[in-house]
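Structure first, then comments.
Note that the chains are named A, B, C and D in the order they appear, and that numbering of residues resets to 1 at the start of each chain.
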Amino acid sequence: MDTSLVLVLLLAPFLGFLFNVFLGKKAGKSIVGIVGTLSVFVSFAMTLYLFGNANQEPVVINLFDWISIQRFNVSFGFLIDHLSLIWLLFVTGIGSLIHLYSISYMHDDEKMHSFFAYLNLFIFFMITLVIGSNLLMMFIGWEGVGLCSYLLIGFWYKNQDFNDAAKKAFIMNRIGDLGFLIGIFIVGSLFNTLDFTSLKNIITTAKDINDFWIALAALALFIGAAGKSAQIPLYTWLPDAMAGPTPVSALIHAATMVTAGIFMITRLNFLFDMAPSVQNIIAIVGAVTALVAATIALVQNDIKKVLAYSTVSQLGLMFLALGLGAYEVAVFHVITHAFFKACLFLGSGSVIHGLHGEQDMRKMGGLKKAMPITFITMLIAALAISGIFPLAGFWSKDEILMTAFHANIALWVIGSIASIMTAFYMFRLIYLTFFNSFRGTEEQKNHLHESPSLITLPLIILAILSFFGGIISLPGNSWLNKYLAPLFSKVVHEEHQFGNTEYMLMAIATIGAIIGIGIAYKKYLKDNTIPSEDAEITGVTKVLYNKYYVDEAYDAIFVKPVNVLSSFFRDSVETTLSALIFGLGKVTNEIALQGKKIHNGSVGLYLFAFVLGVIAIITYLFL
Amino acid sequence: MNNILNQIGIENYIFLSVILFCIGVFGVLYRRNAIIVFMSIEIMLNAVNLLFVAFSTYHQDAQGQIFVFFSMAVAAAEVAVGLAILVSIFRNLGTIDVGNLKNLKG
Amino acid sequence: MNVTTLLIILLVGAFATYFSGDKWAPKVALLFGLTAFAGTICLLSQYNLGQEINYTKLWISKPNISFALQADGLSLAMLLLTTALTPIIIYSSFGNTYKNSKAFYALILFMTFAMAGTFLASDGLLYYIFWELSLIPIYFIALIWGNGDAEERKKAVVKFFIYTLAGSLFMLVAFIYLYQKAGSFLINDLTQLKLSSTEQFWIFLAFFLAYAIKIPLIPFHTWQAEVYQKAPTVGTMLLSGIMLKMGLYSVIRWQLPIAPLAAKEYMDVFIILGIAGVIYGSIVALRQKDLKKLLAYSSLAHVGLIAAGSYTLTLDGFRGAVLQMIAHGFVVTGLFLVAEIIFRRYETRKISEMGGIRAQSPKFTSMFMILVLASVALPSTFNFVGEFTVLYSLSQVNIWFSLLGGTTIILGAYYMLKMFQHVMLGETNVRLFADVTFNEGLCLVIIIAVLFFFGMYPKPIIDLITPSLENILTQVNRFNQVK
Amino acid sequence: MNTLIAITGLGVLCLLFEILNFRKAIVPITIIGLLAVLGITFSEFNAPGSHYNNMIVVSKFSSAFSALFIVLTIFLVALAHDFYEDHKTKISDFIAIKIFMLAGAVAMVSFGNLAMFFLGIEVLSISLYILAASNRLNVKSNEAGMKYFLMGSFASGIILFGICLIYGAMGSFDVIEISENSLSAELPIWFPIGMILMTIGMLFKVAAVPFHFWAPDVYEGSPTLTTTTMSTLVKVVAIATLYKLIAELNLIPSLENQDLLGTFKTIVVIITIASMTVGNIMALKQNNVKRMLAFSGISHAGFMLMTLLSISNSAGNLLYYATAYSLAGIAAFTVILYVCKNRDNEDIANFNGLSKNNPLMAAVLTAALLSMAGIPIFAGFFAKLVLFNQTIQAGYLVVVIAAVINSIISVGYYFKLILAMYNKEPNEEAAKTQFVFYAVAIVAVLLNIILGLFPSAVLDLLG
């Protein structure tokens, strides 16, 4: 029963993919859209069903042995437990919403069918990633989603910059994947299995575990996660990934794929609990990423870039939580973040749609009359992400900060600053986009209009979710924590007692958020300052605007040297090596040429050599 | 007959013919006139013939002397052929200097 | 079916093709290629039914050489690769017309015959003979039907021939030496030998020279890129798809079991050599201007990894190596076919002269993309199964090896995607690019199907090769049992 | 025995034909005659015996090699017809000389007495001098003849001196007596010296370094058919005789008695390696095909000398190598005769694009060269294999390594020719081929390949 369900759940998007690939062009755009969306919706329905009557026991489905290693087999199997169900819920849920959205958004693109094909494929791989029963199955999904993100970032392939962005994303992910693989190798050789359930049993029961190797494995796996979830130092691909169509940014680079890293670490929480040192690293990396990304987001003018960096920063917060062992908190924030970040992206998408592809906020403004729904929904989402009571973001972010506070004040400070900045740049975005007067061209001004219902509907739904999303894990009695409890080896550390500290923290957070919003209000609404043109940007702003020149640095440190080396090998080493081989031939030829001189045709010489030979032999033998 | 050989001793015959042989060799090496080279080769052969005879006396058996006839006949045949070649060379080149035969080399 | 029948089919096929005349030659060749494939399947089924597949007949009494063929799982796997690829290769060439094609296709079949013999032979000298024989057809194929300036081509091909011959002659000497010890060339006797470690070292070295040049491992690879570039694509496919695998197969089949002590003692050196090949090849491939050369260096990198895997002397290493051999065989054939397809349209192999093809040929693009992904070992493709196993085995020897070898998944992705981007993407090319024709498409589809099927379900092949690999492993470890 | 008589008779017959004006028929009749003689030889193969008080001793060895010589002569005679078509008047003389030369050759491998040996070698040499200079209006031919004559007679002088010393030591020319005495402890030093001198004389005939200088010049200058004769028949005869000489006169044991064996073997090793190396390296830069093959012949002589390192059990291997080599040589030279017919020189350039003009001939030449290079299934490969095998057995790994390196070098120049045929454009249209060329070339190559497929047929012949 379950098996067939799961297979349907898994294969529905795949079938959609096949349909769109092979028949999409003929079928026509509307059919393509419907099929694509339906196929995802089917899996969503399946998920709901499973979610509805899921018992405590996780369901394991092994189809067949896939890869055989001498000491163990890796089965081609699936694992449905509470964690994967949670993820499935919002992957398929938000997935279907965004498909819906794309029907209208991509309607003018002549390659709509391949767009939907890729989206479906992505959902398929994402599901594989989530329900894989062992590390390698997860790895299939892991690389698969990477591939889809490559395809979708480079969707408009005629622009080589986009292609570069896509390539960059894929390769940076691959760097992480290598870490992942190494992690898999170590785990495999330590425990002779890659299966999550058996791993959990072994590790939780094992007495003497080699801490070093565990730590190494955890570290390697974390590198993998960092690659996928855009953490320092592997985060630079995410902002570039905004080259892809906006729905892609919403689905892949905000809501689902980039959370895969968190999913993986949560999946392997028992492993990471064994390696506190690595946990600290994770926490620190997360915090720093949150801060750095936030600072960059402060000054970006591309509406999607802002959102991208905010995503990075939010992911950083999640990793902070993971590092502190508060997996359920991280999950909570993943979910709420999925809601409001998807909403924000789609909103920005609708704005861009309205302005016919304009992304620079300096050329926007005053859109709130033109597109009210977009405005309202984005406002709600912005409030949510800034952590205003009682929206979803408030609860999740507050949980994280609280955990940080209890663990380490410094982390809490960093986190708080990051979230204050969040509030600032989000409202900077809101004000620049929707308030004051329109700064675009006349021609655009006349065409300003609210986006069609297919676009606004998902916005509304997501806005609602980002408003009420918090209820799934209210402090005190958290449904989510209870639901996830069976996953964690350690008992979920008890809910925070609501003493004064907690209330104080909440207050501080809220005040911080309000301050942030206030500054934005002062700067961009009252003074109505417009960010200056790229040329005029100076000082710290310039550094921030250029993202601390990290891309340039990477280029100088890694990419250029490799290419230089490559041409060096190609031009020097290769030629030298073959010259060496030819050299042998040349030498013999030279000898031959000299030899020809000796055979000079004079009988006298020949006879002389003859006699010499005779004498030599005789003397050598007999004297 | 036999006692003469005993008086002189076989070694001396050997030395003599070796010396003759060497003279022949040097002749072949150092003279460039084909005719004289032929003659030097003849000297070599005859040196050997001499030794044959000496040995056959030493061993008291006739095979050696018979062999000398063989070798003489052969030498004659050889020289005949050689002279024939020489004639055609002289017709073509107008010289019998062995040193001029250097078209074939390398 | 008797194992010799397969060889006879191929040999007869070669002659039949030659005498069928230029017009019919391709079809006849294809026919015989398919027959051979069917024959292999037949052998396979017999093997799975548990029949011994071997044939031994005394050939030369003094020195004692016998015409001995033997097919275990490993040989059959390689045979499968050979006979499966040959028809594809032949069929893929239908797009071109070759002058004097009867000789061309006859040589292809003859080469297949020789290579199949190499995989089957269980008598050292017979093996050597097949090994050498396979060299002659490819020499002529590359020389006569190759492309580019005749002088350049001549240089490259002669270098290739002499180079490889040089290597293998030392192998011959090693074989003769072994014969002195064992009194026969049969592998079963040779693997029984208990040679001193110095003897083993020298023999190992002699073999290594032959294989390192054939595979090729750096720094013995200098013939490769040029020959790949100069040879006609069919020849390149034969070379890279099957012939390289002869070297790798021989490492597992002959070198390691005969001289295990040396193999153990110098394991690290050879693994490092392989891994160095991976990194070096990938980096050189990065900046190649010629598509075929780029692919050549990419396969240099891949075989480096395979070699490293087999030198780990672990079951995983062997298994991964064999899996990767087969996977790489298919992928590289497909990629060279892609290069050929582009060449048929644009008459160029310069990457700089391509670009903007995607918009004009969706089918071709998708197939090409899939092949690229397979060659960078995306999970669920066959190559991933092989590469994962190999890297795992490396990690068992030393985690650093797997880390360094693993760079292939980064660098590989880098150069392959870069290549794909510059060949296919960008503003639509002004020159018309017709989408794949039927037979081009068919070849690619078959290859892709194979890659995905075994990528998802490699079990049959794993089950096929594992027992024989275990046997080889016991031979390799026979010296440990002594102590 | 009968072989020898029959051959001589045949020779005389040839001379008679001239008188009887049978020029047309002479070639076929001779071939038929030779085939008959071949039959006789086979019949003698299993009937060893000695005749005319040990002047002639027929053994497996002698009859096997005689058979080979006769086969080669058949090929040569077959080719003779249209080689000499421009001076028909002399054809019978030339063929007769070839036959007599064959008689000399047979005498050389079946001698039971040094006198017989000496006569044989002289008959062979003198006929060769004539053949070398036979194109008497051609300066090159004259020069070749002269050079060969001078050095040849010099060499025979040395051989004669050697025989003489042996006679002095043993008091007899009879091989059996000599071999018996040679085992006795106290031998005059002359005996080994004499043996060495004879060996040197034979080394000259097989053109081993440093006695090889004549070969390239003479090969280049002589008429191509004569070159064919030299590089196939004569070389084989010489090496076989040398082998027989050393084997039958017990040189090895006698040297052992006077513990000179070590040094002797060193000399053989040095000469072997030197011949291989010099031959191959010098061949690399030759433009004249005949000259190139001359040097390659020198290197092959070096290979065959390897048999002297394990004299006791290598007769079969020597026979096999000789057969493989000479058959390949015949095939190769046939093609050269065809290509260079009515061309003034034999430069490699003449072979350009042969594969387009005449693919069959190109294929034959390729096969022949591959066989010489020692590529499998051609007899040349097994020939090398058995030599290597037996030499490693005798413990001379060094020689084998050298040999291997040399075979690698040799590929270099063999392939120069193949490349010319396949990779260059023809510079003029093909000359029409006589049937006989095809016949000879193909038969030779087929024999070669058959030997490659069933080496035992020859290898086991001499036990």
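We adopt the following convention: a contact is a pair of C-beta atoms (placed from the backbone, for glycine too) under 8 Å apart; a residue touches a chain by one contact, two chains touch by 3 or more.
Everything quoted here is computed from the prediction, not taken from an experiment.
Q: Which chain pair shares more contacting C-beta pairs: A-C, or A-D?
A: If we tally the contacting C-beta pairs, A-C comes out ahead.
Q: Quick one: which chain's Cα centre is the longest way from chain C's?
A: Chain centre farthest from chain C's centre: B.
Q: For chain B versus chain C, what separation do you get between their C-alpha means, in angstrom?
A: The separation of the two C-alpha centroids amounts to 67 Å.
Q: I'd like the Å distance between the centres of chain A and chain C, where a centre is the mean of that chain's Cα atoms.
A: Going by mean C-alpha positions, chain A sits 37 Å from chain C.
Q: Taking the mean of the C-alpha atoms as each chain's centre, how many Å separate chain A from chain D?
A: Result: the chain centres lie 79 Å from each other.
Q: Give, as an integer number of Å, the spacing between the C-alpha centres of chain D and chain B.
A: It comes to 27 Å between the two C-alpha centres.
Q: So which bits of chain A are touching at least two other chains?
A: 596, 599, 601, 603, 607
Q: Specify, in ascending order, the residues of chain B that touch 2 or more different other chains.
A: Correct list: 25, 28, 98, 101, 103-106.
Q: Identify all positions of chain C at which a residue touches two or more other chains, and write them in rising order.
A: Within chain C, no residue touches at least two other chains.
Q: So how do the chains connect up here, line, ring, star, complete, or something else (other)?
A: Graph shape, chains as nodes and touching pairs as edges: none of the named types, so other.
Q: Dump the list of chain pairs that touch, please.
A: Every pair of chains meeting the touch criterion: A-B, A-C, A-D, B-D, C-D.
Q: Tell me, which parts of chain D touch chain A in their complex?
A: That would be residues 146-147, 150-151, 154-155, 158, 189, 192-193, 196-197, 200, 204, 210-211, 213-214, 216-217, 260, 263-264, 267, 278, 281-285, 409, 412 of chain D.
Q: Under the stated contact criterion, what part of chain C meets chain A in this complex?
A: On the chain C side, the touching residues are 159, 163, 219, 221-223, 225-226, 280, 283-288, 314-316, 319, 356, 358-359, 362, 366, 373, 378-380, 385, 388-389, 391-392, 395-396, 399, 402-403, 406-407, 409-411, 413-414, 417-418, 421, 424-428, 456-459, 462, 466.
Q: Which residues of chain D touch chain B in their complex?
A: Going through chain D, the ones touching chain B are 115, 118-119, 122, 125-126, 129-130, 133, 136-137, 139-140, 142-147, 149-150, 153-154, 156-157, 160-161, 163-165, 167-168, 171-173, 190, 216-218, 220-221, 286, 291.
Q: Spell out the residues on chain A that touch chain B in their complex, using ranges where they run on.
A: 596, 599-604, 607-608, 611
Q: Could you pull out which chain B residues touch chain A in their complex?
A: Touch list, chain B to chain A: 25, 28-30, 32, 98-99, 101-106.
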